[in-house]
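One structure is given below, represented as structure tokens, and several questions about it will come after.
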Amino acid sequence: MTIGPSAYLLLSAILFGVGVVGVVTRRNVLIILMSVEVMLNGVNVAFVAAGSYLGDAAGGVFAFMVITVAAAEAAVGLALLIALFRLKETVDITELSILKW
Amino acid sequence: MVTGALEYLWLVPAFPLLGVVLNGALALFAERPLLLSGAGAGGVAPYRRAVAVLAPAAVGASFAAALLCVASLAARAPDDRLFVRFLFPWIEAGSFKAPASLLLDPLSAVMILVVTGVGFLIHVYSVGYMSHERAFARYFTYLNLFTFSMLVLVLADNYLLMFVGWEGVGLCSYLLIGFWYDRRSAADAGKKAFVVNRVGDFGFLLAMFLAFWTFGSLTYTEVFARAGGMAASGTLTAGLATTITLLMFLGAVGKSAQIPLYVWLPDAMEGPTPVSALIHAATMVTAGVYMVARSGALFLLAPATMTTVAVVGAATAIFAATIGLCQTDIKRVLAYSTVSQLGYMFLACGVGAFTAGIFHLATHAFFKALLFLAAGSVIHALSGEQDLRKMGGLKGRVPVTFVTMAVAALAIAGIPGLSGFFSKDEILWKAFNAPAYGPVLWAVAAATAGITAFYMFRLVFLAFYGPSRMDPGVEKRVHESPWTMTLPLSALAVLSVAGGWVGIPAVLGDAVGVPNLLERWLSPPGAVGAEHHSAALELGLMALSIGIALGGIWLAHRLYRARPETPGAIAARWPALYDAVRNKYYVDELYDRALVRPAVRAAEWLWQMFDARLVDGIVNGAAVLVRAAGERVRRLQGGIVGGYAFSLLLGAVLIVGYIIYRSAG
Amino acid sequence: MTTGSFLLDRHLLSVLIALPAVGAAGVLCLPRERRADIRNASFLVALAEFLVSLLVVARFDPGTAAMQLSESVPWIPRYGIGYIVGVDGISLWLLMLTTFITPIAILSAFSAVERHVKEFMVFMLVLETAMVGVFVAVDLFLFYVFWELVLIPMYFLIGVWGGERRIYAAIKFFLYTFVGSVLMLVAILALFFHHSEAAGFYTTDLMKLYGLAIPLKMQFWLFGAFFLAFAFKVPMFPFHTWLPDAHVEAPTAGSVILAAILLKMGAYGFLRFSVPLFPAAAADFAPMIAALAVVGIVYGALVSMVQKDIKKLVAYSSVSHLGFVMLGLFAFNLQGIEGGILQMVNHGVSTGALFLLVGILYERRHTRLISDFGGLARVVPVFSACFMIVALSSIALPGTNGFVGEFLILLGAFRANAWLTAAAATGVVLAAVYMLWMYQRVMFGEVTHEENRRLPDMNVRELACMLPILLLVFWIGVYPQPFLRRMDATVRAYVARYEAAKQAALSPSAPGETMFTRYFGAGK
Amino acid sequence: MEAFLFILFGAIAVGASIMVVTRKHPLASALHLILAMAAVAALFVLRDAHFLAAVQMIVYAGAVVVLFVFVIMLINVPEDRLPVERITLFRFAAVIAAGFLVVEGALVAGRFGMPGGHVAGGGTLEAVGRALFTDYLLAFEITSVLLLAAVIGAITLAKKKI
């Protein structure tokens, strides 16, 4: 039994979907941020698999970029979280609605 | 000598216009500061003397110019008596051309002589009558403006320019009726006059549109020439001609106060009395008659209209005369008498006797102006009292006024030898020979003559005979008027007597060797003397009408001199009838209930319901809807991050789904 | 040759467009505190604009129907958009009206506007630029730009310097006209792309678009879109309800401009765009539009009659008068259209003057209710005389300007539809009713309010506002030929072109075909 | 062999991810996140992307998750003050929608067959390095700018007084 690209892509989709569920359903900002990381991981799986099956280094490069972005996102996101926590003493995203008109 | 005068025809209206400018300037720069500062009219300001000279002089000069022009016209051959003077182009748009140009022909010649002649006398009279008036210059500005407008009306060579004068006199009438605008009733009357006149103008306007698109011109000569041609060739149907002339007649009805638009004229008596004499008796109100006579060629093509004119005229004549029976205000009696006499003129026009109509117009201008001025003199003498019930016994106190008024009353009653007799009898005779309903029309007109004689002498007896019923304070100050007033009275009295001699009917004239000058002057060459019915019949009818007039006078004498208690008894016997007549048959009330109030109510309703509720309701409703929708949508944007994420997710699902669907399909 | 004369010789219309804008920039540089200087400078700019615009009349050749004093510079050549301006007999007098009324409006605001004088004057001048632009633009895109540019200063004039409900009025005004504008923009784009498909190149040059044969169904929809845009602006019944609110809340100068010029933009739009571009649809719509116009005439007059606020009365009378204008324009004959154009000028002059006069009263008494006045004729004779003349002009008394316009309109319309015209002529009667009734209640009778007894009469500045208007009232009334003559060639060609285009567009249609089968029936 | 490893690590990755999403306490999520990262790294190895696997472990597990844990410790929300998660219709719908997304992903994934012949080396250190510093140099440099921006942003935001 050989593993084709479709298997990797399916795995990628599942990881992404799980991440999405986390982002949409959870109220804890920390867990939402982690769910975002899960989504990005799912994407990375797709990139790497595609790159490797096609013999193209671009897949790897993109995954590399995504990791970089993920790191940056986590840093900024967590900084925001700290700032907000100082302000509102909560990590509940439903209470962070000060942008509401 | 006078042949060159026609070239200066424009001076006839120009003099009064100059008067308007000068008097207007005086009113603005000399009188206004005085009035504003509250200075009384006591001291005779120098500007008043200037006005007193300028205003009558302007009309007098105009009269002189008119005389010269008419003389010059008369010097021409009878078939050449048509003079047109082009002044400047006024409105031109494509095929439509309405120039400002003046036309002098025998008809307008009669009119300008009446207008400027009577106008001049009334101007002179006004100097005396209005001597206590504060807004002296303003009054004469309006009066000059009126003369100017009236001259434009009669001298115009096309309907549109006539309309300018037509509306112009309406404006002056508005301004002069409302001259004492402090009084609410005066301001109301002025507005009423203008608005009712506008109803007539509406018809006149439509008539002009229809005439222009039918004949391609509004110039009299062209219209009449083409109308004749088109009628002969059948392109001008009777229906079309009837429509045009009926619409024109609507205009005339408004201006000349005929049924159903007569209601403004009695109210117009709110104006100063000389105004009533000039505008609401002698000149403006006869503009409708002039217009019908001017358009005679058109009206003759529409028999249905002619019948309508005659019937309306006759009906108005008797209807207004009956109202005149019970009026107690001296000016209102005369006002209804004017309406009634105008009915006569229309009756004449309606039976095709345009000459008779114009003849009566002229004689009526003399004696009715005289009646009004004399009434004004009485009012002046009585310090403003107008109620006949508070007069009496004035005969010896104001002799000149009494004599002149008696002459006028005799003239209007139709006593032989005076002007009214000739013109009225001419109408009666022509009515009798009318193609339709001749005897009926004659009977109505003759009855009216009787009623007229009755109410005129009722007035004379109540005012001048019997014991005095004046307020004691008023009685002390009774005085004969100054010469500026009595002189015009006398002049008009002479005219009231002699004015009829230019139109002595052939049946009498032939006997004494005096030709019917007016008919010759007005009729197209060759048309004179074409018809001759039985002279015996004519003389018989004449005698009958004299009898009716004398009967009216006798009845008045009996009721108001011999047995002054009878009128009250009659009134008590038929209270409903008396009230109806006294209240002018409730026509004003009817109009108010049936037209004015519903219109105002409908307007209110439209505004409140349609504008505020419906249209704005839709507009504001749309706004409310958008806002409500916004409220809803806003909740999605409530700052709940999960919501945003969910929308993103949903969007992603849909887009990817769509792409898959597309690539699969 | 100096620069100045070069500009005036070659770029007269551009100078007219630019002058107020440059003036506005100059006024903007003046210090805020020097209010007198700001006022004087703005007035002088507007006056200079008027004097320069007289050159347009002087150079105008009445003998030709073509666009005159034209300038054409490519602007966005890729899409065929150009800066094309010109005047012809249709726009000439509207342009002149704009330059004539604006200085008067500015002069009238000298004492009425106390807050933010600088901004007010700047907005007035920018507004003038935009209005002049609207009337001289011969390029659809350019026209649209100016058309929208007009909205902005007017919105602020109402919204900042207005009365109590100014915000409501300003937004209502803006939204109403904007809805129309957006529809027009869509129609312009459709036209633009249709032209590029049919002719193979992009252009917004109106003269080129005139030559385009547009399919009937498309004409229907495009005409509809343009119709709404212009009908809102005119405003035609039943799109008029923004007008009373806007007028009542606007400051006097704003009302004057709004009534005198902005409303004309709608009618001008019909004349310049709707009809020549879509002649067949215009012909089919004409009876409906004429009927709406007549309803507007009678309705406006009736509703005027029962108003308690003088300004609102005048506003509703505008609805009535503009109904006359539309009736004339959609008669499609020489008399009707010339009358319509002249009536636009007349209405601008007379109603502008009425608003000025109401403004004068308001400045003195801070009320506009008819019931707060009475007996003024005795107190302020000059004012009441002016008011009388203007009111008479408004009710079209012969000898004043209103008559010439109204008569020609009705004359022309009578040929197109006699019954409708008869109904419209009742407006003549009603006009007398509402105007004179109002006049009577304000001017006649005893002085009913003590505070009115000491009202000062018009001062020199106010007289200076009124005198040119009165002069024009009589000039057009007595000798309208100079005005009519310069329209003649253009309108004649306009009617001829309309007839030809209508024939060409409608001749293939089957006899007995109605408007609805033509546009909604099964297409071939 | 590859199939077995794929299924094993794939299952770990998915299972750990589910745990990340479903844990109540963020610390538990963070720990499961490390597990998921590691499983994904293993999958990278499976596809011969050793460099990326290393980066994945170093950057994610070593830096990002540590940062998460740091923050969790720092703000230290007590157990009872953690947000209460409820199952609502909205969340249920979200799960369904996510399910659809996965199905769609599966549909897309199903279209990719085995390319003609196994070409390896797409993710090797050399290949990635060469690509990074030639074709994607600009992107790489911009990444550094991005990181700089993130650093500055994080510092600014997290500072007590701005």
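In order of appearance the chains are A, B, C and D, and numbering begins at 1 in each one.
Simple rule for what comes next: a contact is a pair of C-beta atoms (placed from the backbone, for glycine too) under 8 Å apart; a residue touches a chain by one contact, two chains touch by 3 or more.
Quantities reported herein were computed from a predicted structural model and do not represent experimental measurements.
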item: Most central chain, judged by mean C-alpha position against the global CA mean; value: C
item: Chain C and chain D: spacing of chain centres that average the CA atoms, whole Å; value: 67
item: Interchain centroid distance [CA atoms averaged], chain B/chain D, Å; value: 101
item: Averaged-CA centre spacing for the pair chain D and chain A, given as whole angstrom; value: 6
item: Chain A and chain C, separation of their C-alpha mean positions in angstrom; value: 62
item: Per-residue overlap in chain B, given as positions that touch at least 2 other chains; value: 642, 646, 649
item: Sites on chain C at which at least two other chains make contact; value: none
item: Chain D residues counted as touching two or more neighbouring chains; value: 94, 97-98, 101, 104-105, 108
item: Chain-level touch network, classified as line, ring, star, complete or other; value: other
item: Pairs of chains in contact (touch as defined earlier), listed by label; value: A-B, A-D, B-C, B-D
item: Touching residues on chain B, where the partner in the complex is chain A; value: 634, 637-642, 645-646, 649
item: Residues of chain C defined as touching chain B within the complex; value: 172, 175-176, 238, 240-242, 244, 299, 302-303, 305-307, 333-335, 338-339, 375, 377-378, 381-382, 385, 392, 397-399, 403-404, 407-408, 410-411, 414-415, 418, 421-422, 425-426, 428-429, 432-433, 436-437, 440, 443-446, 457, 478-481, 484-485, 488, 492
item: Residue ranges of chain A touching chain D (in the complex, touch as defined); value: 1-22, 24-28, 30-31, 33-35, 37-38, 41, 44-45, 48-49, 51-61, 63-65, 67-76, 78-83, 85-86, 90-94
item: Chain D - residues contacting chain A, complex; value: 2-3, 6, 10, 13-14, 17-18, 20-21, 23, 26, 29-30, 33, 36-37, 40, 43-44, 47-49, 51-52, 55-56, 59-60, 63-64, 67-68, 71-72, 74-75, 77, 81-85, 91, 94-95, 97-99, 101-102, 104-106, 108-115, 118-124, 127-128, 130-132, 135-136, 139, 143, 146-147, 149-151, 153-158, 160
item: Residues of chain D touching chain B in the complex; value: 90, 93-94, 97-98, 100-101, 104-105, 107-108
